[in-house]
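As written, the chains take the letters A, B, C and D, and residue 1 is the first residue of each chain.
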Amino acid sequence: MGFWDRFLKIDRRWVFLIVWIAVVIPLLKPLGLPTHITPPVKKLYDYIDKMEGEDKAVFLSFDFDPSTMPELLPMGVAVIRHCFAKKIPIIVYGGLYPQGVGMAKMAIDMAKTDFPDIKYGRDYVFLGYVPGLYLVILSIGESIQGTFGNDYFGNRLDTLPLTMSIDNYEKIGIVVDLSGGDIPTWWVAFAYQRYGCRIGCGTTAVSAAQYYPYLQTGQFVGMLGGLKGAAEYEELLVRNGIPTGRRTATIGMDAQSVVHLLIILLIILGNIGYFYVRRRERRA
Amino acid sequence: MHISTNPWVWIAAILTLAIYSFLYKDNPFYKFAEHLFMGLGIGYGAVLLWYNSIIPRLWNPLAHGTSPTRFFLLIPIALGLLSLGIFSRRYSWLIKYPLAFYMGAVTGLSVPVAFEANIFEQAQGTILKHSMFSNPWLGISNIIMFIGVITTITYFYFSKQHRGLLGKSARVGIVYIMLAFGASFGYTVMARISLLIGRMQFLLHDWLGIIK
Amino acid sequence: MIMFILLSTITVKAFDTPNDGGKSITIKAYNVPETVKKALVYRKTEGDTTYTLAGVMSILSYRFMDADSTIKNGKPYYYRVDFYFPDTVISVEADSPGIAYAQWYDKTKTSSLIFLIVFSTFVLVFIQLAKKDPEGLYIRKIPALDAIDEAVGRSTELGKPTFFVHGLLGITDAGTLAALTILRRVAKKVAEYDTPILVTNYDPIVMTASQETVKQAYTEAGRPDAYNEKNIIYLTYEQFGYTAGVDGLMVREKPGAIFLQGYFFAESLILAETGHSVGAIQIAGTTAKEQLPFFVAACDYVLIGEEMLAASSYIGREPVMLGSVKGSDWGKVFLLAIIGIGVAIGTIGSILQSAGNGALMNVFEKILAFF
Amino acid sequence: MLKKQIPLAITFITGVIIVVTFFIPHPPFGRLQQDALTWYSVIFGFTMLLGVDSLVKFHYTKLRRREKGWWFSIVFYCGFLLSFITGVISEIRFGDAFNINSSFMYFYNTILVPLQSTMFALLAFFIASASYRAFRARNIDATFLLVTAVIVMLGRVPVGYMLWHKLPDLTSWILNVLQLGPMRGIMIGISLGTVAMSLRLILGIERTYLS
């Protein structure tokens, strides 16, 4: 039995091992492969960037749970860092479902380490969960104080400088919704179409395809699709001199590139082996 | 390196490793995680069903409702009770009643969905419109897609032998289907790798603290 | 002056929301300048002295549907809309009161009704024809269904059990029903060959239906005594818990044949790859189009979408069943014909339109609107 | 009669009523579809008992007979009781089992979530092993499958852009044109097949469930 015969019948656990190594090594030692910026990401970045100096806030909603965390959490961290660096007021919302609050907390903790002069209540506010699903989106149109009452830590919103001046969509420049499901369309239907508040979206690689029409119609300002979108946002931060800490998404993309190439290499080798063995058998 | 001191992180990490050990081969650790998972799953499912469905849809209307139509809810309760007949050998056939209701409901509910959401929307999107030819490349793309829809439908034409024109069309259809499946497959790889990256970051960062 | 112009141009109409069950009034504004920032809708009815806030009007569509719980059918409601401009607010009253009532027929669904009637006629006519002349019926080969006997046979030769894994959706899914038909065939073969079977379930109702199905199949095969209810098991009500359970069973029982039938989600590939690793011959079938590529890659045979739904006719080969398949095929011809006519009219229409005649284009628009 | 005709009649009547009410918004017909779904979930609540019963019995038998690996059934019971009891306690304490501070959600987040995500993440390995094994150019069809898969994989990562900067565009063209067409065809087929099956059910031709 020759090399190719053995290669074709390779125990699949070897494939598992190689995939595992291909993921872990870039995580331990980032490769720093270049990132190419795509228009949907650039548009979202520019829109938020232009809010610098205006007194409008970014409203960042965490509508995802741990299952899509690897893709969506880096987006949240990147957007929070962007706002912190440019002193754009930001309201971080734990999302319409209870599972999102933990995600939002994690993102804030990861983002704030590089910004010692950022002050809670003045530069950002963290809102927790209230029941109501899409009714919450409508209710924010009337009053944030009326909808939530208290922030995540139990402070009354009318005691925090930020929420004293920003109370509904009129003073919100953009709502960025991070979700792997169809919640971004709720924000479009209720916050954009009813109150005219602009919407940006961060979603998983799988869901991104279904949202392209929303970009074309302008219902989304911009979109971050999957880990790649998050990596592009991190890259834009770096290019503009904003500290990014550990660039989770960019490093993840290194791993992505390596594993994709690896799988393609396996497919090619598998085919070479297959044709080699077949030709030999035909001759015989 | 800062290994986590949080016992819950340790539990999560051990369970993660237990599941991964399955990739090597079946073993008691995987079996442990599997049985725990199934147990938690059924308990979670029962709680979920109870609070999202039985309480708001059955208990609240019956106990606190005022609408006279609420007593219609006694019919599904009766049907539900019939399904418990399966516990007795003699009356196990009673399950056929709730099943029959289900079948009726299937038909009734799936027909509108099939029309509204799928057939019409897909067919309307297929019809070539003037706006689809605003530039030559777009026009060619839309014709390629149009042929894809038509030939795929002919592949699902069952009551005639796939010979002649129908045969050729169905053949083109299966080629299209393969192209589409390849694309879907390749498209999904990234999302799946992301999941693994997420788990590895948990193990290496949250648990072992090897990476910052 | 500016205010006067605005006042004279904006009009507001209140009318019964069409095609609904009543208790709802639609308010629509016309000729609204784009500078408007916000529009609030106020409502009052007989006996009220002042208007109360009803809601916020979309400033994209300038429409608002008032479905407040207090609205009653047949009673007049008066509306006023306040339009907020950067420097001023303008109130416009609806020209007549809106009265809500319920409709007996939903006009937006006419196309569905027509298609349903045409399609049912095809199916019914071909079923009748099939009863009269059962000879002329044909159904094309579906290799995955032909492979059932082979798979169970091979499993028996190897002395291994056969697995039947249901998908995650309940019995309201057409794919699940088709899976039960396939299960019946598999169970009958299993009973004939006297080889063990294991059916795993995610949905308890599907489990009970599976028990009935397998029991019946054993009776048909003349071996009702061999039926064991314990072989149709329920695993758990959690997606990946189910996956973990099925995977565990696969590696421990090492089945010779695995049927993955029904509606699957992301777990499709986990199941199919594990099944492959234990050396089983795998026949998958699903109507989940997102998962088909994974089954095609990892399984030996796959029932693609509608092929699965045609399974009962293919397996049973009863004339009435085959007749219904023929009827449904004619439904496809009808649909393709509409698409074809639509494209033809659209093409000629756009040529004529550029020559100055828009009549045919209007027909085309009507065809598009039909869907 | 009781075992065959009446169930068939129930199916026929329910099916026809729900289809007809689809076209009638007037009360009480307009709400019937919604009601049918409510009924469905109520009956489902009862049949869930069948599922729990089946599982509990299954593991009880294993325990009683001291079958191989019987102690894993204890693990099963522990998991079941843990989530069920914390669910009930949380409901009593917070009025909502899904409250973020409840013990039920705590177990959900610390035990169930890692299990779910790890099981889900097995796909990364399986998608690699499946592509290695399945993407062989055995025949024309398999070659088409292989070629689009490889192009799309490459076009999705930054490396693809580095290799050929038009690759991401080609990838989105493949996804929006080559993929969308056949997927539409498949969807139309499934929908028509579903309607045909529904008609067979209403007419009592297809009666797997009644045997």
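Here are some notes:
By our rule, a contact is a pair of C-beta atoms (placed from the backbone, for glycine too) under 8 Å apart; a residue touches a chain by one contact, two chains touch by 3 or more.
Small disclaimer: the values here were computed from a predicted structure and weren't measured.
Comparing mean CA positions across the assembly, the chain most remote from chain D is A.
When the interfaces A-D and B-D are ranked by how many C-beta pairs touch across them, B-D comes first. Inter-chain spacing, taken between the CA centroids of chain A and chain B, is 24 Å. Separating the CA-averaged centres of chain B and chain D is a span of 3 Å. Note on chain placement: the centre of chain C and the centre of chain D lie 14 Å apart, centres being C-alpha means.
Listed for chain A are residues 12, 16, 19-20, 23, 69, 205, 209, 228, 256, 259-260, 263, each touching two or more other chains.
Among the residues of chain B, those in touch with two or more other chains are 19, 22-23, 31, 33-34, 37-42, 44-46, 49, 83, 86, 96, 98-99, 102-103, 105-106, 109-112, 115, 119, 123, 126, 146, 150, 153, 156, 177-178, 180-182, 184-185, 187-190, 193, 195-196, 198-199.
The set of chain D residues touching two or more other chains comprises 19, 22, 40, 43-44, 47-51, 55, 96, 98, 112-113, 115-117, 119-120, 122-125, 127, 129, 131, 133, 135, 145-146, 149-150, 153, 156-157, 175, 183, 186-190, 192-195, 198-199, 201, 209-210.
Taken as a contact graph, the chains are fully connected, with every chain touching every other chain. Chain C contributes residues 37-38, 56, 58-61, 277 to its touches with chain A in the complex. Chain D makes touch with chain C in their complex at residues 19, 22-27, 30-31, 40, 43-44, 47-51, 54-55, 58, 61, 112, 115-116, 119-120, 122-123, 126-127, 129-131, 133-135, 145, 183, 186-190, 192-201, 203, 205-206, 208-211. For chain B in complex with chain A, the residues that touch the partner chain are 23-24, 187-191, 193-201, 204, 210-212.
Those residues of chain C that touch chain B in the complex are listed here as 109, 111-112, 115-116, 137-140, 171-174, 177, 205, 208-209, 211-212, 235-238, 240-242, 244-245, 247-248, 251-252, 290, 292-294, 296-297, 304-307, 310, 313, 322, 325-326, 329, 332, 335-336, 338-339, 342-343, 346-347, 350, 367-368, 371. For chain B in complex with chain C, the touching residues are 19, 22, 25-26, 30-31, 33-34, 37-42, 44-46, 48-49, 83, 86, 95-96, 98-99, 102-103, 105-106, 109-112, 115-116, 119-121, 123-124, 126-130, 146, 150, 153, 156-162, 177-178, 180-182, 184-185, 188.
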